[in-house]
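The data blocks that follow each hold one structure.
The following pair of complexes shares a single chain, chain A, combined with chain B in the former and chain C in the latter.
Entry: the complex of A and B
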């Protein structure tokens, strides 16, 4: 079924509801289909999409001369729809999707902070990405805002952010962060607790805002690929791939088969490395140091092979527009196969020890339950979604090459606790081993990089990649001379950070670290 | 007069040795732990280096720290120093043993804990209060178990004085007393809880939200932190030595000759090393338990010590 067909009933439904939407051709956005709607119908569109069962993926805006163009992406049964509208630059007001999609809350606030679009019926008037580094009358993504910004000599303290208050006898607040112990990124967590039970958790992110969307403007294709590889360092491969996919679609560049297979190989290696490391980190958070050390060792050995084969432990900058930057030497094909077998055995042995421990089971079972209805409401992707019944994986449901020729096993769990997320990730490791084997066996010969030709000004492209955290959606638009006019990467963490707030309810405060680690949202990918 | 003087000198030397050796025990535990996890281990002398580093460091105090916050490290260290003086390490019949008995020893621990909890709350951070609340929860449950185990042992020895009780066990020889087994288990469990070891607390964690003991002392640094860390190391050593004295006292010096003292020193070193290995093995195979399992854990320890007491009354007192 083509995307046009799968969204046809939805478009008929919109027509029946007198919601005018005009289908537009947008080759670069494929497999997504593009429709234009009136600004005043924006909220109704969200409502209809929600009723019809679409998942809300992302929204982003572009400053085009006298208007601000807003796009939102929806997904339904593996098909994607991009809806687009425009509001006048002078009065950029638009109905919100948040009443229909709770997951749209922060993305819309981000859009408001960055472009000044006012969402009229948005339930939360507080800023999100903006702390105090720029004024509330300034919008960094507008054309007239300089890339370097206009930073004050000293950034004022950001203390006027109203957290949801809690009252009652015995209720107290625990502010945690933004600077944490250990080597992790900054983010603030505000707990309200009674005794040890968490009543409410509110996150305050944005501390690692790097202005990625702004500094992408004016880069060439190679520069954008490098920048995309730094959206979130631990998923550098997936983000670089998504950005390159978007640029290649916009520029209509045909990527050689060998390059695609190598990209998938790197992406699966990245997935294995992160899952292995995180399972160890979860064990560390329940003070089972033996497991932590062993999994950390396995991850490090795995990454060293990545370095030998591709020149970088995280395989940063290995994916370039038009292909890949490094070819895989023949000798690594059998070596990587043996390595995957060895790692599979080692993980099996370790998990036999871990599974045998009641003290571990007691900590992870029933802790941090994300109910399937919450996961659905927030549109959670990746292992967080799949541990709570969200049966979706881009590699299987909207396959991009080379996954269209491979069989991708997608684990699914429904209980949504820490244990389910850990199981999902272990099963994903196993699935990745199978994929790595298939990728190595079927690796086509040929060139690894196609010539790059700058696309026409205004060309746009959409990249959809299943990174290790889940679906990454990247939008790219080119401007003059093959320079980037707009870059928007939607990291899966946008969907899982709000999930963390929900799944921690009624858990005890000391269980937060392991719950957090089982979700492991990216601060950097979210703050942009 | 002379022997009296020698006894006091020896007692003072023993207390100093106790305090000086405590970081070594902590270093040993850390070293064995690393080995058991297939990691390269730091030297056993590392805790000394850490303490030396902390003692040299400048202190940063919170603006709202009161005199209490500044006094607590000395109170805690002082309490542990006194407690260490009471416990026979390499010789019994030392005059310091008469200063205090087991119950006062428990009192010293309670005193140190009470003031640590106050210091945790004094600063006014959420972590301090949270840690104080958790520590109090644990100690309220651990203390009865500890006291009950101590009573069981004291009833057998007919004294609460540690030195005399140790001698009693030595004289009685190797007798299998079920009450001692129960008390040993209870005491071991209390040791784990009171010394902030896995599965009750994790001394190595950086996660503030999961901390018990560490959460209270987060705001300390420099010399104050050194004193508190050192006091914790002494505390672990006291628990270990008390276990050794009650259950495995053989080798301890009963007369003040050089040979006997040397034997005593070697014996206690070997026994502490063994206990350290056992502690590490226990910590390696367990994950930390959920906070609200701790009451069950300590409730079980209390139950064991009550069973020990009952066993003693029913089986071991000649009827």
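Entry: the complex of A and C
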């Protein structure tokens, strides 16, 4: 079914509800469909989409002279729809999608902090991405805001954020971060607990906001690919791919087959590396050092092969606009096949040991349950969604080459606890091994990079890639001279950070590390 | 339990005695590191890692120092949870303005004499992110830095070499 067909009943539904909506040429956004609606209908559109069963993917804005253009992306049965509206720059107000989609809460607050768009019926008036580096009257993504900004000589700590207060006898708070005890990214967690039981967790993120959307402006295509590869270093391949896909669609560049297959090979290698490392880290968080060390060993071996084959342990900067920057030497075809085989066996043996230990089962079963209805309400993607019944994977449901020619097995669980997320990830590793085998066997010959031609000013593109954390959606618009006018990467962590707040309810504080690791949201990918 | 012991015995010690991918040999760097740590820090170097705005790539490689291939703990280096227990701060990322105050406070909480190493291209000079409304750029723009370890991200061996150089320079 083409996207036009799959959204046709929805558009009829909107027409029946007297919601004027004009279909526009999608161009670089295709296969997504593009519709324009009136700003006053924005909230009703969200409501209709929610009732019809769409997943809310993302929203972003662009400063276009006298107006702010706002886009929201929805997904239904593997088809994507981009809805668009505009509000006057002087009075940029429109209804919110948050009443219909709880997952839109923080993305809309981000948009408000960055562009000054007011969502009139948004339930939370607090800022999100902004701390103290710019004033509440300044909006970094407005055109008249210089990338250098006007920061104070020293940026003070953000101590005036209104956390939800807790009352009652025996209730106490545990503030954690931004500097954490381990070697991890910074963020703040405010726990409210009674005894050991967590009553409520509130996250405060934004500490690693690096102005990625702003500093992308004015870059050339190669520069954007490098920046995208650093949105979240653990997902460098997936983010670079999504950004390049968006740019290539905008510029109508045909990427050679071999390059697409190599991109997928790298992306699957990235998935395996992260899942293997995280399974070990989860075992570490339940004090099973043996498992941690063993999985860390396997991850290190895997990364060394990535480096030998592609020149970088994380394959950073290997994906470039128009293709890939490094070719795969013939000798790695059999070497990588053997490597995947060996790793599959090793993991099997280790898991036989791990599965046999009641003390492991005791810690991971029933811990950190994300109920399927919550996962659905938040639009959770990736293994967090799939461990809670969200049956979606871009590679299978909206396949982009080369996955359109490969069989992608997508594991699905429903219980939503730490155990289910770990199982999902182990099964995803196995599925990646099958894909790696198929990719190596079918790797087409030919060039690895197409020539790059700057697209017309205003050209836009949408990239959709299943990274190891889940669906990455990246929007790119070009300006003059092939320079970037707008870059918006939506990391899947936007959907899973709020899930962590929900799944930790009624768990004990000492189980937070393993619950958190089983989700493993990216701070950098979220804070931008 | 038996299977765990079996596995441990079969895998044996994989911690690297000979160079495989990089020069100079890991063991060589490690031994020098251990010798210096012995002299300067009573045999134990406590490091507090601070992500001040990194993309998390540098953190992954710092983590790798603890895997059984590099096993940095055997040279007396360990990562601690509090700056108050630390001899050294290993700071990654361009310093985001939202982390600026936290980094200064972490620095102030670290007892003297303290060593600060800026890690990665970002820590050294702001890297891809540079200086902007949201980023202070290099770590040295915020706190005094004793040494930098370049690379995006630096490999685990680069990190070990960099730590060694930094404490060597202190003598």
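Convention: the second predicted complex is superposed on the first by the 528 of 528 C-alpha atoms of A that agree within 3 Å, B and C clash if a C-alpha of one lies under 4 Å from a C-alpha of the other, contacts with A are read in each partner's own complex, and residues count from 1 in each chain.
As a working rule, a residue touches a chain if its C-beta (ideal position, glycine included) is under 8 Å from a C-beta of that chain, and two chains touch if they have at least 3 such contacts.
Everything numeric in this text was worked out from a predicted model, so none of it was measured.
Residue by residue along chain A, chain B and chain C are tallied for touches, and C comes out ahead. With both structures placed on the common chain, the touch criterion links A:182 to chain B and to chain C.
Legend: residue contacts after superposition of the two complexes on their common chain; A:363 is shown touching chain B, with no touch to chain C.
In the superposition on chain A, A:153 makes contact with neither chain B nor chain C. When the shared chain is aligned, no partner comes close enough to touch A:441: not chain B, not chain C.
In the superposition on chain A, A:283 makes contact with chain B only, not with chain C. In the overlay built on the shared chain, the residue A:294 is in contact with chain B and with chain C.
Once the two complexes are overlaid on the shared chain, A:210 sits against chain C while remaining clear of chain B. On chain A, the patch touched by chain B and the patch touched by chain C overlap at residues 181-182, 290, 293-294, 297.
Remark: chain B residues 33, 36-39, 126-127, 129-130, 134, 198-199, 202, 204-210, 284-293 touch chain A in the complex. Put simply, chain C touches chain A in their complex at residues 3-4, 7-8, 11, 14, 20-21, 49-64, 66-69, 79, 81-83, 93-94, 96-102, 104-106, 127-136, 152-153, 155. Chain A contributes residues 131-134, 140, 145-151, 154-158, 178-179, 181-186, 206-212, 214-215, 226-227, 230-234, 236, 277, 290, 293-294, 296-297, 299-300, 303-304, 307-308, 313-314, 316, 349-350, 352-353, 356, 522-524, 527 to its touches with chain C in the complex. On the chain A side of its complex with chain B, the touching residues are 172-176, 181-182, 196, 283, 285-290, 293-294, 297, 357, 359-360, 362-363, 367, 508-513.
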